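One structure is given here, and the rest of the page talks about it.
The chains carry the letters A, B, C and D, assigned in the order they are written, with residues numbered from 1 in each.
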Amino acid sequence: MNFAANRTVFITLAVLLLLLGYCAAQFPFVLSTRVLGNLLTDNAFLGVIAVGMTVVIISGGIDLSVGSVLAFVGVLLGVLITQQGVDPLLAFAIVLVIGTAFGALQGAAIHLLGAPAFIVTLAGMFLLRGACFLLTEDSIPINHPLYTQLASAGVPLPGGGQLSFAAGIMLLIIVAAGVMLRRTEFGASVYGLGGDARAAELMGVRAGRATVRIYAFSGFTAAIGGILYSLYTSSAYPLAGIGLELDAIAATIIGGTLLTGGYGGVFGTLLGVLILGVIQLYITLEGTLSSWVAKIATGALLLLFIGAQRFGRAKDH
Amino acid sequence: GKQGGGNGGMTVGFAQIGSESGWRTAETNAAKASAKEKGVDLRISDAQQRQENQIKAIRAFIAQGVDGILLAPVVATGWDQVLKEAQAAKIPVVLVDRLIETSDKNLYLSAVTSDQVLEGRTAGEWLTKTVGSRDCPVIELQGTVGSSPAIARKKGFDEALAKTANVKIVRSQSGDFTRSKAKEVMESAIKAVGGNKICAVYAHNDDMMIGAIQAMKEAGLRPGKDVLTVSIDGVPDIFKAMQDGEANATVELTPDMAGPALDMLAAYKKDGKAPPKWHQTPTKLYLPDTAAAEYQRRKDLY
Amino acid sequence: MSDSAPLLDAHGITKTYPGTTALDDVHFSLQAGEVHALMGENGAGKSTLIKILTGAESRDGGTIALDGQEVALGSSAVAQKSGVWAVHQEVMVLPNLTVAENLLLGSQPRRFGLIDRKTANRIAKDTLTELGLDLDVARPLGAYPVAIRQLVAIARAVHAKARVLVLDEPTASLDAPEVERLFDLVRKLASRGTGIVFITHFLDQVYALSDRITVLRNGKSLGTFAASDLPRDKLVSMMIGKELQHAEAGEHRCEARAGAAVVRFSGTGKKGSVEPFDLALHEGEAVGAAGLLGSGRTETALLMFGIDRAEGGSVEVDGKSARLRSPRDAVRYGLAFSPEDRKTDAIFADLSIRDNVVIALQAKRGWLRKLSRREQQELADRYIAQMNIRTSDADKPIGKLSGGNQQKVLLGRWLATNPRVLILDEPTRGIDVGAHAEIVKMIENLRDNGMALYVISSELEELITYSDRISVMQDRRQVQILEGDDLTVAKIVAAIAAPVEKAAA
Amino acid sequence: MNGLLSGARRAWPQLGAMVLMLLIDWLIFPSFFSVGMVDGRLSGSLIDVLIRGTPVALLALGMAGVIATRGIDLSVGAIMAIAGAVAATSIVDGASWQVALLYALLAGVACGLWNGVLVAYFGIQPIVATLVLMVAGRGIAQLITGGQITTFNEPGFAALSSGTLLGVPAPILIVVVVAALLALLVRGTALGLMIEAIGINPRASDLVGINRKTITLSVYVISGLTAALAGAIATADIRGADANNAGLWLELDAILVVVLGGASLLGGRLSYGLTLVGAVTLQALKTGILLAGFPPQMSLVLMAIVISVLLVVQAPAMQQWLQRRALRKASA
């Protein structure tokens, strides 16, 4: 498991560096700490959400609700902080609990009903998106001083960039999730369920409990993603994060996790997120691409990347 | 004509929302056209309707060191942080198409927008005036739930209707700004309300109205005659419909927002003088009488 | 021993599946320190009973007591907490986890609250070494063949110090030395007071190991007997409900057959898999493959059938050079292959028995020439009858059959294609005594009717009954081909064990 | 006969869900079931449900085959847009409606081939392989239309959506014919069995000699083809190609429909009949929400709640429980 996973991660890393190198050859300032720092900050919420998605996918499931959780969390924060005057820290705690509980509920439904995760979380996605509209239709600004502080907080890097608060949280969560996956029984049961759910159960894994935890974790990371997103924009918007689940899934899979479950890891996912980020950055900097050319280019780069990754993997057989 | 030599070599980033509608593409095309005319190197980023992508794009523009940024904000709130970064980098930002909510209006140089509430109100006022005192049940086709034009255009229309008692919205549903969804919504509205009871249809954009017109025709109604229509945008197809007597009114939203914005940036770059905070594009109502000419005028822009 | 309260006591266990009563009011009790064999035909309900005893399956009625205390064994996790462990017939391990993780899942050593991989790997290595297994514990278990996976599953229960250990056909794919090693282990565990339930179809093993025997037939228990009080014949007739007709075991033919070579492999091999070998399979000839676990028999078969691509060498079919680059090619040349790993390589669990029988033939005919419903039904019925498959009808999903019955369906699948060359990897794995003799007879019939066979089996007695020649494998090499008078168990064992240099010379 | 009955018995949760939805619609809107002839054309809310459901039903028919092989096709929405764009532009360029339709279908086949080759021959995971076309495809469609809604006026092509044959609206007819043809294709041959086998155990299907690559390729081609047909109908419906919005997010609807039809995303089950049942169920739900006239802010929540209820009704756990109860009752 380790060896094969590492191999894929290496190839992914190599392709990422190549991509970055190509980008830097045209736009040298890309290699500044400022742009690289931005790359982390801009993609922090996606990164955090993709971590939860990775855990879910390794366990053989999928979670389509994350984009809606992000939006719902944001809207709830807006309502609580701006409209109700709740302290942001308390509001954070509330939304984390709600996000986690929602995930747990989905996990319980998946286990108890034996229904496919795809559909359960699709219903979850509709439900929370709808719930956003019930809370507010309009976007809500959040102007609490703590927000301004957190949004601009960070460790300065040489060269004018900074490692922002959001980027720090993302890295922290990646490390924590990595440890959780590789160094705890829960992690082993996640891989186990993805490898062969029935066998895992016969080997003493409590599938129900694990499933609830897995989706709870995804709900939790989605809620953190929601908090980071609301810090990022200092506002709440019911239409935020539409289609985000696909980005998270794409990042996870580009990072070497198999959709069929059982294999993969969060470090690869970080690379996947960065790859999507660099592709987007390149297209923005290029700037002359019409929007449709940009879409085609995104698809082409995605394909190029998957191809390179596969080619690299085929070679070591 | 050309704006003198001052613009030569100016690089401007345009954080566009996306390419979700024909009007939006027209706006992008208009921006490209006027940039070419003014000799501006315009970098366009398509955010696919996502705020985070727009923020990323603005940051990339800042890193690139552009001379100015055009922002068509997908949502009103949440721009302070990135605008501060632009300010710190001394890059002026001009809002196009929509305004933002911010604590500090100095974060952007100026805004070129229409007044979307006014658009809705204009549509509503035309309708109340046209029906006079007879009872008029109206079907409203909203834009995407939660999007700012949908909210504003509903608000303006409601304001106009509030002044009369005889014109009432009996059904208001979202057609997602698209023809096909609007057609579906209209079909069920006709079934639920009864086709002959509908007096008028108000759509938050022309595309939805075109879908609704088809639904009405297929249900044996005569849009433009039995049922009044009013919508917003002024895309070529709605003028064609008016020409054919199937639509009654549209409120124009000009797609040429970038032109004035680029002029402001050029002027600002030249002498450093800040332009007025808001350049409002005209909101104009068009009726069938001018439809033929308007159609000819527009069909190439789109 | 028998006067103390039983360690495990099950009463009135009943289990009904739609269309089948798998268990009907079954009693079963297990003493601490005894080895208790559970015997019965394919589909008698053995696996179902142990699944219920170990919490892997719910029951419709009955009670289970541990140490005289009634317990609700709701899941494997609960059962394992109470010390009840099972190694199931369909080997249940996690192929994507490492050997060590499989061994220690649920009880991994920790440091500072986190799993300590180094220690875990060491413990795993030690535990396995003690059982005589030398594996790379950091490799995914999926890289090892079924037999190894099964041994790891057993090691897992041993490591957890199970009080009750249930082994469902653990020896089905083990070779003789491995079986011996397992038996030593079982005896050792029993002497330490572990109660062991043992399911097998090998009578020798039953009498070598068990203290008591419980016999099941058609989901009913026929009683529990001390092994010493129950003669073989009686046991067998109780199981199958009639006298067993003895096949003329051991009467193998001594002269090789003179048919033409159907397929000839020359220098076929693959780096890291099997060293190049030469072998021709003739019409009307059965070649047996003997060797220890991991000696490369399965991998040879994979090469023969084009599943693995050979590097170099050549293949001739009917004297003409052939390209065997995929199973499809192989099927086209008239080859057929029944793999040893039923679960991953052969079974379409959700498809009906009928579909599972016809699928190879259908694939051979191509998708356009669909077998008619009637032809399908005829084929299915024919093999259900011929193989004595226990099922209500051909519509039942194969996944719901007992292990032995699945194996029979798979044999039927390949017979239906009427192949010229049939490669069988452990064809009698999990097959009950009655059917075992039938299958041996069937292999002989096929051979006599002109088919060429390559049969891998760990049962040397069985192998010599039908083989004209035996290819002996050692360390992924074909070291010798025995024929004629050399076809005796003793000589094969000697060849298997011979030092490599000598055999190669 | 026996097979048919047992099939129907197994399908009761799906059929039940559909009937339930239709009954709810009827409660909301009492004249829901009244079907009449208007201008020689069947008309009524029920007919609307069937017509409106056609694009998703077509997508789902293609998707069903893909899912049966344990794959997924995220690109069907984008293929709809491409096909619509191709059809509309060729009509505007003067092609006859038959030629335009042919071009659209060819575009769909090309897209399906592309996906199929990536999945079957390069072994790329279906979700990523089709994600490429999902992202790029809409761009291609916009490229074809220039980002504008390409409007046309060609009664022949428009008839794909609004035409009738013997009073039956064309879209309904198309779906029924396509479903029947597909069912004939997979059940009249051994294709269905092989598709299911591939979904259940790909390795074993290789070992029995099934031509896995070609069959996998073909299910994606079929999916591309039905998506293109859906795109053509959607385009005919609004007499224009809306590259930006045609089929947007419909891939999720299509997957939902296949699952509402009782298929497992783990592959191995293929039923076109039940897929249609799922399509009617979903559209009945959507139409019901529209007919009820709830404020649009509530539609998503309502949809989520109803889908959840349907999920519970159809859940395997629920069925097993009911089955066990029935068994116990029978034995008592």
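Quick note on the criterion: a residue touches a chain if its C-beta (ideal position, glycine included) is under 8 Å from a C-beta of that chain, and two chains touch if they have at least 3 such contacts.
Listed by chain with UniProt protein names: A = Sugar ABC transporter permease YjfF; C = Sugar ABC transporter ATP-binding protein; D = ABC transporter permease.
Quantities reported herein were computed from a predicted structural model and do not represent experimental measurements.
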Contact-pair count is greater, between A-C and A-D, for A-D
Expressed in whole Å, how far the mean CA point of chain A lies from that of chain D (ABC transporter permease) is 30
Hey, how far is the Cα centre of chain A from the one of chain C, in Å?
44
Between chain A and chain B, what is the separation of their C-alpha centroids in Å?
33
Let me have the rounded angstrom distance from the C-alpha centre of chain B over to the C-alpha centre of chain C, please.
71
Scan chain A for residues touching two or more other chains and write them down.
133, 137, 290-292, 294-295
Contacts with two or more other chains occur in chain C at residues none
Multi-chain contacts in chain D (ABC transporter permease), i.e. residues touching at least two other chains, fall at 142, 147, 297, 299
Every chain pair meeting the contact rule
A-B, A-C, A-D, B-D, C-D
Touching residues of chain A toward chain B in the complex: what are they?
27, 29-30, 32, 34-35, 38, 42, 45, 132-133, 137-141, 143, 148, 151-152, 229, 232-240, 242-243, 277, 280-281, 283-292, 294-295
Chain C residues within the chain A interface of the complex:
56, 75-77, 80, 86, 88, 92-98, 101-102, 105-106, 108, 114-115, 117, 138, 140, 156
In the complex with chain B, residue positions of chain D (ABC transporter permease) that touch it:
29, 38-39, 45, 48, 52, 142, 146-149, 151, 162, 234, 237-240, 242, 244-246, 248, 287, 290-291, 293, 295-297, 299
Where on chain B does chain A make contact in their complex?
13, 16, 18-19, 25, 28, 42-46, 48-53, 55-57, 59-61, 63-65, 75-81, 101-103, 144-148, 151
For chain A, which residues are in contact with chain C within the complex?
1-2, 4, 179, 182-185, 187-189, 191-192, 194-196, 198-206, 262-263
